[in-house]
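There are structures below to look over.
Look at the two complexes coming up: subunit A is in both, with subunit B in one and subunit C in the other.
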Partner chain A sequence: MSKRPPILQLKSLTKSFGTFNAVDGIDLDIAEGEFFTIVGPSGSGKTTLIRMLAGMEQASSGDIILSGTRINDLPANKRPTCMVFQSLALFPHRTVGENIEFPLKIKGVDPAQRKARALALLDQLRLPQNYYGKSVLRCSGGERQRVALARALAFDPKILFFDEPLSAIDYKLRKTLERELKDIHRETGKTFVYITHSLEEAMVMSDRIGVMCAGNLVQVGTPNEIYSAPKDKFVSEFMGDVNVIPVSMNGSRTITADTFDKTFTVAAIPEAFSKGHLVIRPEFVRFVTEAKEAENVLEGKLYNEYALGSRIQYQVRVGENVFIVEKLRQHSSTLRRDQTVLIGWDAKDSILVTG
Partner chain B sequence: MAAPHETGKGLSQGARNALPLILFMIIGFAAPLLAVIAYSFMPPRSFGLTHAPTLDNYADIFTSNSYISFGWSMLFAALTVALLALICYPIAYGMARLFGRWSPILTLLFTIPLFVSENVRLYGWILFLIKNGVLLGTLKSWFGIEPESILFTPGVVLLGMVYVYLPFMLFPMTLGVSMVPNETREAARDLGASRWQVFREVELPLSMPGIMIGLLLTFVLAVGAIAEAKVLGGQTIIPITHDIEIAFTYAQNWPLGAALAVLLMIVVGTLVMLVLKRFDLDAILGKR
Partner chain C sequence: MTDRGRRALIWAWTLAVLVFLYLPALCILLASLTASRYFLFPIQKWGFDWWRKTFESLEIRQLFANSITIAFCVMVIAVVIAFFGALAFARYNWKGRTVFQKIVLLPIFFPQSVLGLALLLWFNAVGIQTSWMTAIFAHLVWIIPVVTLVISIQVYSFDPALEEAAFDLGASRWQVFREVTLPVLLPGIVSGAFFAFLLSWGNFPLSLFTTGADATIPKYLYAKMVAGYTPGVPVLGTVSTFGAALLLLGGYWLVTLRRRAQS
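And now, the complex of A and B:
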């Protein structure tokens, strides 16, 4: 990824509202042709960031550099980039065809060429040709998504920005559209910058992910890097259900839990570590019968179990602490509630994070 | 196999519930209208509805000078609407998008005059504009200049009409502008449109329902205007409404007044229908 030249560079980009920095000095390079996703909870500043990139919000300080040129002061209509909005912002008084042709009409392309391009885009977006004359108001949610994307592609932007366009779509359709979007990314070879609050969505589509929190990029990496080596508690918890144990290191380089009496075996201790969290994914925690079966073992009581489709999640209470254990459905255990169980994991499956 | 409670009595539940309102509309709305239409076919200067119908009154309109009044009314209504559209759009845009928390105060300021009778407000204008009045008197005593009063000219009639009907254009228009989703503006801009193109391609068509309602409302009201021409205009122009009033009162020629009224209704009604047909409000407003 990083071998390709950066198409978009952000240098200590900041957006302040009064004394509050919504975006707080972000440095980032996005490579040409990359599918880059910015993930963060609501209020993390991701929408402000993408609006600055698209030119709808003025940066307070820092630089936005597109293909080597600083574009901070270029208004949205002069930037060779295009955004797909959360609301999609289709023009309700126009047909599907007119919506798609809009950027071409603005550029002054003649009607016959416009129509040919619109029909080609309908085809590319898996929409029937007869949708050309259909009112956008009569399109379904998924069809509108496709029209919005077609309209943005008709503009032929250097970078396409996406502001959570799939957030209001039901699960099944969202999964389909995520895959389609990744296919379109492949077919067009364009740079996509996508923002979402769902790390799951980011994982499916992205080449690289930037996790954002309180105006800062906490971690940038491939989906695999983010998944297997989260940098801190925030990133690891953002991934979904994980077991996070507050721990400290004492003088003899052993890691002990802060809230209960237990010493853990870990694979590696980061440099200058003194206090932090031990993160263990629920799928790496297993039920054991004897203490020697795993490198770390805890005794607890099974509190409840939840069916999560292909997986089953168990909630185990160890004293005041709650641990979650996940198993594939076909490996589900025949455990009863309130039964005393031993849970364990190996050192290599746990991650020690500072934050 | 209709439901039992809907058969037998002949009227459905809904129709029975609507009956009082239907009766009220027949007595309060349809009956006077039908009476006016009926009178327009009675012989001139008659007061009953039992005479043989005749078209004499309509013939009279076209041989008399009433068509001039008709023209004045239509012209002034059209000018009023055009001026109002130009004046109100920027204000509406500001109220919907720019003024923020000042908008309600502005709304109040535009609404307060409506609590005062139109005639009183127009006489207020007279005091302001009359020779040696507020405006000219001040100019004379402070600067020693004495311009002609614009009172009793067609221009001041137009001013009065624009003044009186401004809220009726402004508020629907404000609603129309505020109905445009902001992201459609941003999207259009993002797709390369200049400010003017955003206005022409997105802003104007999407606020059209509000604008159309404002246009129609003020036009219909302005065609029926009478007080401005009487009070401010000093009868330099005679609107059709004035002719109708004269026919019903001073001239005691109800059938002629009725015929004029019917003609006015037909012309205005046709215009409104044509406009509504061209701009399908339901389609613009639909599913939003």
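And now, the complex of A and C:
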């Protein structure tokens, strides 16, 4: 992906409000045709960042470079980019067709051509042709989503920005729309820059993901890199349920837990490591009957179990510490609450992070 | 209480409220339908004589011309100023906005007679001859705040992202205003216009002090009640009231038609 020439480059891009830096010196290259997602919790600065990229917010310092040209001072209506808003911002007094045609009307395209383009876009977005004359107020959530995307595509932008457009939609429909969006990305070949607070959503759609925290990009990588090699505790916890143990390295290069008495076997120790966290995904933790069945084994008590659709999650308490174990439903164990259990994992399945 | 009893009580109460609200307008109509010179109840002899006389009077025609001119000018000026006032009131965040919100609404609660008197004193002091034109100014002082409030209600429900989206899709500031802001806020602007026109049309205390030698319908009604009552007074009162009601119903009908045409 990143081998291709960058269409968008950010150089120490900063946005300050008073003494507070909402976006704190971000450097990033986004390749042409890439689906790049910025993911972070609320307040991480991701909305401010995308609003700067779209031209709705003025950067305090740094550069935004689009295809080699600095566009910091170009207002939104002069930028060849377009945004799909969280509220979608469909014009309520217009029909579906008029909404889609809006950017074409502004460009002065003649009515017949406008209509032809709008009908083609309805088709591309899997909306029936007779929606052309329908009021947007009478469209369902998913349909409105498609109309908003069609309107943005009608603008024919170099980059399409998305500001959490799926956050208000129920789970099942959201899953469908995520896939549709990825398909449309493939069909149009355009550069998509998407922001969301859901890493799960980012995983499904993106070529690359940037994890944002407190105005900084903590880690940038493919979904697989982020998943299998999180850079620090923040990124690993952001991935969802995960076991994180505060650990330190002692003189003899062994890793020991900070809050209880245990030494761990790990696959690799990062350079200059002294203190950090040991991260183990719940699907890599398993119940064992004897200590020798896994490289790391802990004894605890089963506290509760939760059904997560195709998987079952177990909560095991080891002293004061809570561990989670996940198994596929068909491999579920018959365990009683408060039963003493042994849980274990292998060194290759754990990650040692510095932060 | 039984279900039936409760329902009967609700109906009776509703009816009582309706009678209370609309009986005065009805009484005015009845008082105008007499053939005699004075108001006697029950009405001895019915007739449309006073209606004919009233509509033939040149003085009355002049009254209508005055009231309509004032109300129309007030409507146009108030809507333009109040529209931008409402944007400042509800759309934009700026320093001093909360103070503005309070100050701009305050004149609504001024006693209108005091406001009228104060304006009259000032017009005299500055040497401006009072006429229907000074009345327009006086009405505006009270009506602009009301219309600002009416339009603000619509502005509050306006998603600022609509303007940003239009701008982002390449529209100029002016195009954003013409294509998005204005049409989306139109229902609020139309209700504001109705408020302005009808509040000016029916206003008495401000007109009393500031019209000078010119008269409006409410001012004339008062003068005639004080001295020289004829059944022409209730005729004029009826026309004034039902005219306002018709205007409102007409506006409502237009809005409904437009909405139906949209869907």
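The criterion applied here is as follows: the second predicted complex is superposed on the first by the 355 of 355 C-alpha atoms of A that agree within 3 Å, B and C clash if a C-alpha of one lies under 4 Å from a C-alpha of the other, contacts with A are read in each partner's own complex, and residues count from 1 in each chain.
Simple rule for what comes next: contacts are C-beta pairs under 8 Å (C-beta built on N, C-alpha and C of every residue); 3 or more make two chains touch, one makes a residue touch a chain.
Remember, it's a predicted structure, so these values are computed and weren't measured experimentally.
Taken together through their common subunit A, the two structures put subunit B and subunit C in a clash. In the superposition on chain A, A:Met83 makes contact with both subunit B and subunit C. When the two structures are aligned on the shared chain, A:Phe20 is found in touch with neither subunit B nor subunit C.
Residue contacts after overlaying the shared chain place A:Phe91 against subunit B and subunit C alike. Of the two partner chains, neither subunit B nor subunit C is touched by A:Phe260.
By the document's definition of touching, both partners, subunit B and subunit C, reach A:Ala54. Within the superposed three-chain model, A:Phe155 lies in touch with subunit B and with subunit C [touch as defined at top]. In the superposition on chain A, A:Tyr306 contacts neither subunit B nor subunit C. Residues 54-56, 75-77, 79, 82-83, 85, 87, 89, 91-93, 102-103, 106-107, 151-152, 155 of subunit A touch subunit B in one complex and subunit C in the other. Touching subunit A in their complex are the following residues of subunit B: 181, 183-184, 186-194, 197, 201-202, 205-206, 284, 286-288. Residues 159, 161-162, 164-172, 175, 179-180, 183-184, 186, 262-263 of subunit C are the ones touching subunit A in the complex.
Subunit A makes touch with subunit B in their complex at residues 54-56, 75-77, 79, 81-83, 85, 87, 89-93, 102-103, 105-107, 137, 151-152, 155.
For subunit A in complex with subunit C, the residues that touch the partner chain are 54-56, 75-77, 79, 82-83, 85-87, 89, 91-93, 102-103, 106-107, 135, 138, 151-152, 155.
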